[in-house]
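Scrolling down, you'll hit the structures one after another.
You will see two complexes here that share subunit A, one where it goes with subunit B and one where it goes with subunit C.
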Partner chain A sequence: MAVCTRRLDKVMCSIRLLRNVKHQNERFLSTSLCRLALESDGGNPTTFTPPSKPVIIDKTQTEASLRKFLSPEFIPPRQRTNPLKFTIERKDMIQRRKVLNIPEFYAGSILAATMADPHATGKVNRFVGICIQRGGHGLGATFVLRNIISGQGVEICYELYNPRLQKLEVLKLEKRLDSNLMYLRDALPEYSTVDPDMKPVPHSVTGEVPVNTTRVRMRPKPWSKRWERPKYAVKGIRFDLYLTPEKMEHAQKWAQPWLEYDMLKEYDTTELEKRIFAEVQAEMTK
Partner chain B sequence: MRLTLQMLISHGRVARKMGLGPESRLNMLRNILTGLVKHERIETTLGRADEVRFYAEKLIDYAKKGDTDTKAMKMANFWLTVLLYHRFFLLVSLSYSDPVPSTLFCFCLPDFYEYSWFFGSSSYFLFSLWFQEKDLIPKLFKVLAPRFEAQPKGYTRMARIPNRENLDKAAMAVLEYKGNPFPPLQPAKRENELTLINQLLKGYREEQAQQAAAMVESQ
Partner chain C sequence: MQYSISTSFMIPTWKRILSHPKPHTAFDLRQNTISRSSLAAGYRQAQQELTKAGPNMVLISRSFTGFLTQLSSLTHHNAFSVSAAAAAIQKMTRVRVVDNSPQGTTPWHRAPRVIHVYTKNGVGKVGDRVLLAIKGGKKKALIVGHKMPGERMNPRFDSNNVVLIEDNGNPTGTRIKVPLPTHLRKMEGEYSKLLAIASRFV
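And now, the complex of A and B:
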């Protein structure tokens, strides 16, 4: 604050000088005075700020070639609630999406979320991390971002439709072998570190989302969860380095092979998805 | 295991508890469903019939997809299996130390899937033997699926029957696939022709027929 006042004083002085000089003799006004005034601003020479790059919207991409993506929180769960609840919720979700652009992302993509925070400097909080989980349905949909900051693993659970969320950027769009990457907590830190100043990697709007097939190396056992058990169905861990084949077989004792044939557990969402996708697209383009 | 409140409350749970656990429940339902596909009309307890009804209809939905569909074939292979438990003959064979007579094995062709627990020193083996009903799979795809092609749902019919005569007096039900060759469960009620209204209507219909015949003759 003192610096500002000092600078302000200097500026005021220089302006008064200039004004006096102007009054006395305009011919003596030269660039040197201007330079002096500039230098008195803080001692740094002003850097050249290039103009912002224009955003190119490619209108040649047809709707048919664009990737059809319906965010998973739009699909209602199998419940006995009145479908009216879901229609109203969808309306609210679309209204929020018209204000804030919520991009397409999956578990394994690297995102940067800026949240409004009254106690932060600049009133916004930016967090960059890898998305390890997408959960919830409707307006309560959440996603968890994980990053390692100065050696400490940090996970923040953000709500997609939180009004405090100012901006959501996808820095790298990709999928992984699993839809839930909670095992990164027990993996080596190199797999969860994301550079906070990472530049966005350009991704195509058409075609398949790239799948990152890295199989992660883990810290020594014990892990927070027994990831080798078939209930978690983890494909992205290199079990062969940490578990003997006997242990893997022992883990298969918890397998429930009848589960895939149990028709009661099936929930076919294809028709529902098509209908909701058409509805959402129509509303968004209005 | 974390004891949550959700475990105690059963709101929204659709699957009944049957047998010794989820695997046992599915095995029991598999047996009943195989019997239903084989005989097209079976008699079981009310609860079991109600549970099997859902699976019976879903199996027909899968069968409608055709036998070229891999998922449908896998489902049919899984569901049309009969599970048999044999404890007794093993106990007997070990105590007599005789070779097991072949007659005991002849009617069950093992697709030998698993053998379960071996109880320490005692010679008591719990075996679970499966045999696949090979001829029911073509019956499902070639007979039952075409029969219900026109219907979107509602392939089964359930009717309650008097309670079982045993000590348990269990509530019984009959479950059948519609279009089976047996006589109907509830015979079709025909209206009584001798009531006044029916007689008057019969007279009216006859009069109409006479008038129509007279018109045709005069033309």
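And now, the complex of A and C:
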């Protein structure tokens, strides 16, 4: 019970309620004191005045130190479409995010997704896996979770804004050396196995996201894709164990070094990101 | 003496390859094949290891890969290319039988292949019946998972899984250890016995 110092000046009978006073994070809560004060005034029935909303000022973390994260599906692709489409879509995305908490995660993080399933026992289906890919823009944004269950590799492509998705928990927040981990299909099964009863690992809200620098060991070739080729730009595979330097050089034949200097392919999203981030922050806190 | 590979279930090319490549060489592993008896014994052991698997899949997979390194012998070449999964399951696809029926588990020198798909187009997805050529005979089967990505929110498996079935829809085996997709439960009426022997749904 906190103290409303201004109103207590008028009322003497509320002194006995002053016994249990605790200040918690500078919280200001109006109590029954105000109501008692009003009733003791004249005995007339007064209209109900709801207590004022609590203002919680968390001084432990400044806004500047919190990690600024804008989910990649908010950034519109460079297309010849009306920007109105993206604003309307963003509005719908924010509306969904107010109902379901979609946390920050990257490819390489371990997630647990619970979705409504009419055919599953208990009508809900929980799947734990490592996120290998985040794709799509706007409301069609997807992420793929991979796990190995009873020796069988299973991947499920979830839609972030599908109403069937009931809960999304990040069990372990981390990044990897690549943003696309499709090569885990050709890697040894130990790299894709995630314990379904894993407990969430606590992560900090400030600072950089930890990067897991493991370089994965692969099954013998042939692989489903030629991951050594520069178009995939894979950094998380130990190529030295499977390919000779001659083979690596041969793979570089498919390199397209001029793409780096192609000005028409440039798409600078920094200004767009700032604007969209501010918009999303404003809408979410409303 | 002519050696050949004997496999009862779908074994992708990489599993025929014996040992882990040594760090200093990257030789073409497809040149090596194994004799029939050692491979059969090997896969029986590997299968036992896999079926004994509990929650600790990491240990099992490590022992499996460790086991692979033991096999080695150099016989004749048997190199062929495997294309990625394009359509789901059609004629001539090699499939993996996931139940514990004797026809599905005993070794054979040819992997079970689909010879007919009972759909309007020739493409089989989860829940479609197919006809397999298995162990020199024909047998009907039900597709319970494929490599091709399907609908969003539905699982995609790393192998084309199939369960052997009788003409009336009853499964031939008594247990299915591999996880099955939950949307297979839609066919509760036709394949209720098959769903009953499944141990896990995903």
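As a convention for this text, the second predicted complex is superposed on the first by the 227 of 286 C-alpha atoms of A that agree within 3 Å, B and C clash if a C-alpha of one lies under 4 Å from a C-alpha of the other, contacts with A are read in each partner's own complex, and residues count from 1 in each chain.
Definition applied: contacts are C-beta pairs under 8 Å (C-beta built on N, C-alpha and C of every residue); 3 or more make two chains touch, one makes a residue touch a chain.
What you see is a predicted model, and the numbers here were worked out from it, not measured in a lab.
In the superposed model, A:151 makes contact with subunit C only, not with subunit B.
Residue contacts after overlaying the shared chain place A:185 against subunit C, while subunit B stays out of touching range. Contacts of A:262 after superposition on the shared chain: subunit B is touched, whereas subunit C is not.
Look at A:273: by the touch rule set out above, it reaches neither subunit B nor subunit C.
Of the two partner chains placed by the overlay, only subunit C lies in contact with A:224; subunit B stays clear of it. When both complexes are overlaid on chain A, the residue A:80 reaches subunit B alone and has no touch with subunit C. Touch criterion not met for A:104: it reaches neither subunit B nor subunit C. Touched residues of subunit A, counted separately for subunit B and subunit C, are more numerous for C. No residue of subunit A contacts both subunit B in one complex and subunit C in the other. Taken together, the subunit A residues at the contact with subunit B in this complex read 79-80, 256, 258, 261-264. Within the complex formed with subunit A, the residues of subunit B that make contact are 12, 14-15, 22-23, 26, 54-55, 58-59, 62, 74-75, 78-79.
On the subunit A side of its complex with subunit C, the touching residues are 115, 117, 119-121, 125, 127, 142, 148-159, 162, 164, 185, 188-190, 193, 195, 219-222, 224, 240-244, 247. Subunit C makes touch with subunit A in their complex at residues 13-14, 17, 20-21, 23, 25-26, 29, 50, 53, 55, 57-58, 60-62, 65, 81-82, 84, 145, 149, 152-159, 161, 177-179, 182-186, 199-202.
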